[in-house]
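Given below, in the form of structure tokens, are the structures.
In what comes next, subunit A is part of two complexes: it sits with subunit B in the first one and with subunit C in the second one.
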Partner chain A sequence: MPFNSLQYFLFLPSVLLLFHFTRDRWRWVVLLLGSLGFYAALGDPYLLAALATVTMTTYVLGIRIGGTRSPRGKTALLWIGIAINLLVLISMKILHSMTVTGNPSPSGIGRLDLFPATGSILAIGVSYYTIQAISYLVDIYLETGEAESHPGRFALYLSVFPKILQGPIERGRDLIPQLRSPYVFDYAGARVGMLRIAGGLFKKMVIADRLAQYVNPVYDNVHAYSGVVFIVATYLYALQIYYDFSGYTDIALGSARLFGIRLTENFRNPYTATSIADFWRRWHISFSRWILDYIFRPLQMKFRHGGTGGTAVALILTFLASGFWHGFGWGFVVWGLLHGLFLACSVYYKPHQRSIYQKLAVTAGWKSAIWQRFITFHLVCLAWIFFRANSITDAGYILTHMFTGTGKIARLLTSHERLEIWICVLSLGIMAFLYHLGNRRDKWDYLFSKPAAVRWCFYYATALYILMFGKYFSPQTFIYGKF
Partner chain B sequence: MIKLFLKTASVLLLALLTYALMVFAVFFWLPYMDSADYMSAILDKDRLLRDTPSPKIVFVGASNLAFSLDSERVQSAIHLPVVNLGLHGGIGLKYMLDSTRPYVKKGDIVVLVPEYEEFFGERHYGEAPLLNVLHLSREGWRHIDSVHQYRVIWRYALTEMKDTIHAVYKRSSSSGKIYSRESFNRFGDMVAHLKEKPRKIESYGVPLENEKFNDRVLVDLEKFREYSEGNRAAVLILSPSIAESAFKMNHAGIQEVYDRIRTYDGLGAIQKSTPEDYVFPDNCFFDTAYHLTGTCRETRTEKVIMALREITGQRKPVSTRRIGSP
Partner chain C sequence: MMKEMISERLKKVILRELDLDDFDIVESTSADMVPGWDSLNHARVIAAVEDEFGIRFRTLELIALRNVGELQELIDKQNRDRP
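So, the complex of A and B:
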């Protein structure tokens, strides 16, 4: 059941009311059943089987790792746990890949087409809860986290519905204590939750899905376009994927907040990053922290004798793994590789940055910050081309034809009503205005400090805006739901 | 918790009410944007349907009928008054059938010529032009009875609102243009394009086979047939005229439409043509793959007359050729 569906907005209040009016000791049952129902509504029995496998094995192994004294035994159990989780993840990805690659790209190198297409199997959410399970086991192994003894609460940790489909990727030590603590209804928190849901719908249904109608025709039929159209489509895709994923995250965080759960913030204005490293501190934060802690750091330790070179190799391997996590496609591999290379280059460049700036007579200030943002944004956009293109051949075509004139930009922009462009511009303007209002907490405080009439006008205007301009009739699936 | 729920519900309800009021204001308070435009011809066609005595021949379909039929010739050949209701596929076949039904009387012959797109996706329920029709004719609201049609209204209300408000301060008239109300003759045929040079066909439509076949169209066609035959009127289904390129491009989809009608209980018997009967060379078309011009329009009309003669028993029909036959 996607967050931008009517079913979800019937499901959410129903579960919430039931949860609210249930005795505290049984609330976890309501939430768990609700979450399993939410996941089962995707209609694929393989998904529930995969979730059950991961939940049971990780629960048992977590208890065993926590209770084993022998370091060798602990290590063996950890590796068994990691192997099972990776096996589930890879199996589901392959099964899914078999479905979606039924029509391989004309070049034949669009995807890693290992198997012929068969039935339709989804892999939604698997990438998220399997790596969450791995981090849970590693934390117990490293004794930075404790094994959860309550099987129900542990199952809830992996499957709580606001985050099961697309994260955020939560650590056991952050989420499990919240699931243990008694629920107390917090009006202010719930109000923020509602507003975040509205904000998420605004981002997804008004902005991202509107931008998709300009991006998809270009990226799905690259040979029909050329020149500046590719540049515009790539910029728009950069905005689309951000508003799509951060919209999802807002709905997830808002929904969880209604149940008294605070999930990890996943975005912090990523396109204002001044370097690729900074970008990864602002984009999909829960995932970038995960790969930093569970892939990069162990690799860095392994290559520690290699000095800067070792760090660079660790970064490249980490982001390659990140590419594979997104799916078995060459596009994702190149996307990960590019980010790894950007970061590896920065490892060599960073020590000389100051002297280069001095030689170029560039002083630290707003001008250099804008320049850094400009460069970072364009590097990110370059990588997005591989991420979005249907095949490596398509990405290559885009790169080799993006500076060949105006293309059919007029055709692209007039492919939909002019009103659509104005709504995009207005909505992005609203987002820019909100960005300038400051960070999120300040924004809510600012709003709640206003008189009731102002607040109600804001609520009403937001609801009316989404109602009028939301894309209900050709909804796009959430981009990160595919991973 | 209850307080939060009530507050949220009130805000949503208020917003919903405001939007509904805005839509209502556009449809029932602001005038239609251009009373001389192409869509306004619906008023003349409605009047024609209402005022033409039975028995009569009524053509129900989209713009392929408007552009590609010589009703006067049909009238002279069959000796029954003709009403050509063809206007725009975006009105939706459901609305076309529902708005025609009350005027089907004993002895009438209703010729249904649905365009192929109507059978796929949700087009059966209409698109933006349906809102033009509802804006022009309050009577039209009586024929809106499906949730899908309300979805269409919701979906395109903003466009209609924008166009209407835009027209309030920027008055423009379609008078003198080919796509205008005055371009139709007294039977409801578009005739202004006959004197014009054919234009480049901009689009051959979307590949139909990419979309899901809408079984509801067959159900509605069958209901219409039952009602009409209950009123002792005859119904037949003919294929629309289509350009060769479009036919080739959409062959699988068109074949599916033909097969589904042929095998549907109650519809197969009234299907009186194959798609290939109405395929014409690309140079026969005026501006789209459905709009015939010149002598090809006359050829199409001749084929329609043949099919009607079969119904009226005036002359033995020429047998139709099946898809795939040499």
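So, the complex of A and C:
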């Protein structure tokens, strides 16, 4: 069930109450059964089969790798584990793309009716827990993590429901110790958790789903538009995808916090990044750390005698892999390739940056920071065009027509009630204020230092705002749930 | 005595590659403690160490490295295993 559904808000307190009142020794059973039920509610038996395969093989291989002394034996077991997880990942993605209506498979084979009830095989969550399983095995191999011997706890590490659908991608050494620790109800933590859930719903239902109603008409019918409207739609998409994914992450982290689990932060104001490298330290952080540690670093070491060129190639290959991870479509491949190329260029540029700035008499300060953020944001938006466009030809059309006049922008912005734009502006303004507040102090401490009357006014105002302005009748699926 | 000379040699290679005049590099020093020793320069430092000592490390050994002390151990191991 999606996080922005009524069922989830019946499911969450039910599981939490049962969890709270169960003896600590058996709480893992409640959470595991709840998580499996959550995943099973998607109604696709292939998903459960994929999860079972990954869980059982990774559990066994983790123990075997940890217990094997022979380096060759350890290496062989590691490669078997990586191969099985990649096989599950690739198979589910191919099956999904071959069964989705109207989406021709990469090989050109027509749609397969393998699961006619829903019309397509889902691959939700598979991309996340398979690479999480790979990181678990690699960490055991490198002796930076240890194998978990309790099968239920291990299963929970992969499938705990707040993170199973879209991450964060958790390292074994971060999450498993928390699952081993006794649960102690923490009022302050629960309060923050509930506020984060509210914040996530605000981002997703009020902002992201509202922006989608302006983005989708343009990107789903590009030939009906031309000119600046493409630029506006791309900016709006940049905001939509951020609020959609960070909204999900807030709900995930907030839900986990209710159970005493602290998941990894996935975002850190990404559009304030001053370079593409900085962007990837702020966007989908758990994923960028994964590709840095498990793809880029090994490749960079492999190519170390190639100098700067070796590092550049490693970056391009890493982000190509990142593109494929998102999906087997040319748009994702080009998106990944662009980010790889941006980073590869920066490897050559960075050593000369200081001397270039000196020659141009550019001094470090707020003006150069704004300029760097401006350039970085637009490079990211350029790549988002390929990410969002329905085809490469659509992306090409957008790029070749975005400066040909104003092109129906007024029609787009007035396609819905004017109130919708004001709600967007107000909601984005609230987010900007919270960002600014968060820069000066811990915003939770600030809120909790206020009198109870003020706090409760804030809580009720937030709930009312979401209830009044959330998109209920045209909810969008979470964007990163498709990967 | 030999290990101490090698350590001084290792230190000089690292400082040269990172364009540093001096930095207190000890066994527990990790890359994030040294100015300029980021992920982009890391490969260059390792390649320079290999060229300096005439050795080649396995990629998996390098990925597991946590500090300069472990790098020194890898160098010593290669020197011991030399025919």
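In this text, the second predicted complex is superposed on the first by the 461 of 483 C-alpha atoms of A that agree within 3 Å, B and C clash if a C-alpha of one lies under 4 Å from a C-alpha of the other, contacts with A are read in each partner's own complex, and residues count from 1 in each chain.
Simple rule for what comes next: a contact is a pair of C-beta atoms (placed from the backbone, for glycine too) under 8 Å apart; a residue touches a chain by one contact, two chains touch by 3 or more.
Keep in mind the model is a prediction, meaning the values are calculated, not measured.
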Subunit B versus subunit C as contact partner of A:A463, first or second or both or neither: first
Subunit B versus subunit C as contact partner of A:G310, first or second or both or neither: second
Which of subunit B and subunit C A:A52 touches, first, second, both or neither: neither
Partner chain in contact with A:T144 - subunit B first, subunit C second, else both or neither: second
Which superposed partner A:V347 touches (first subunit B, second subunit C, both, neither): second
First, second, both or neither for A:H20, with subunit B first and subunit C second: first
Which superposed partner A:A410 touches (first subunit B, second subunit C, both, neither): neither
Partner chain in contact with A:P298 - subunit B first, subunit C second, else both or neither: second
Doubly contacted residues of subunit A, that is, touched by subunit B and again by subunit C: none
Touching residues on subunit A, where the partner in the complex is subunit B: 13, 16-17, 20, 185, 187, 190-191, 194, 417, 419, 456, 459-460, 463-464, 467-469, 472-473
Touching residues on subunit A, where the partner in the complex is subunit C: 75, 142-144, 292, 296-298, 300-305, 307, 310-311, 347, 350
Footprint of subunit A on subunit B - complex, ascending: 1, 3-5, 8, 11-12, 14-16, 18-19, 151, 154-155, 158-159, 162
Sites on subunit C touched by subunit A in the complex: 39-40, 42-44, 46-47, 50, 59-60, 62-64
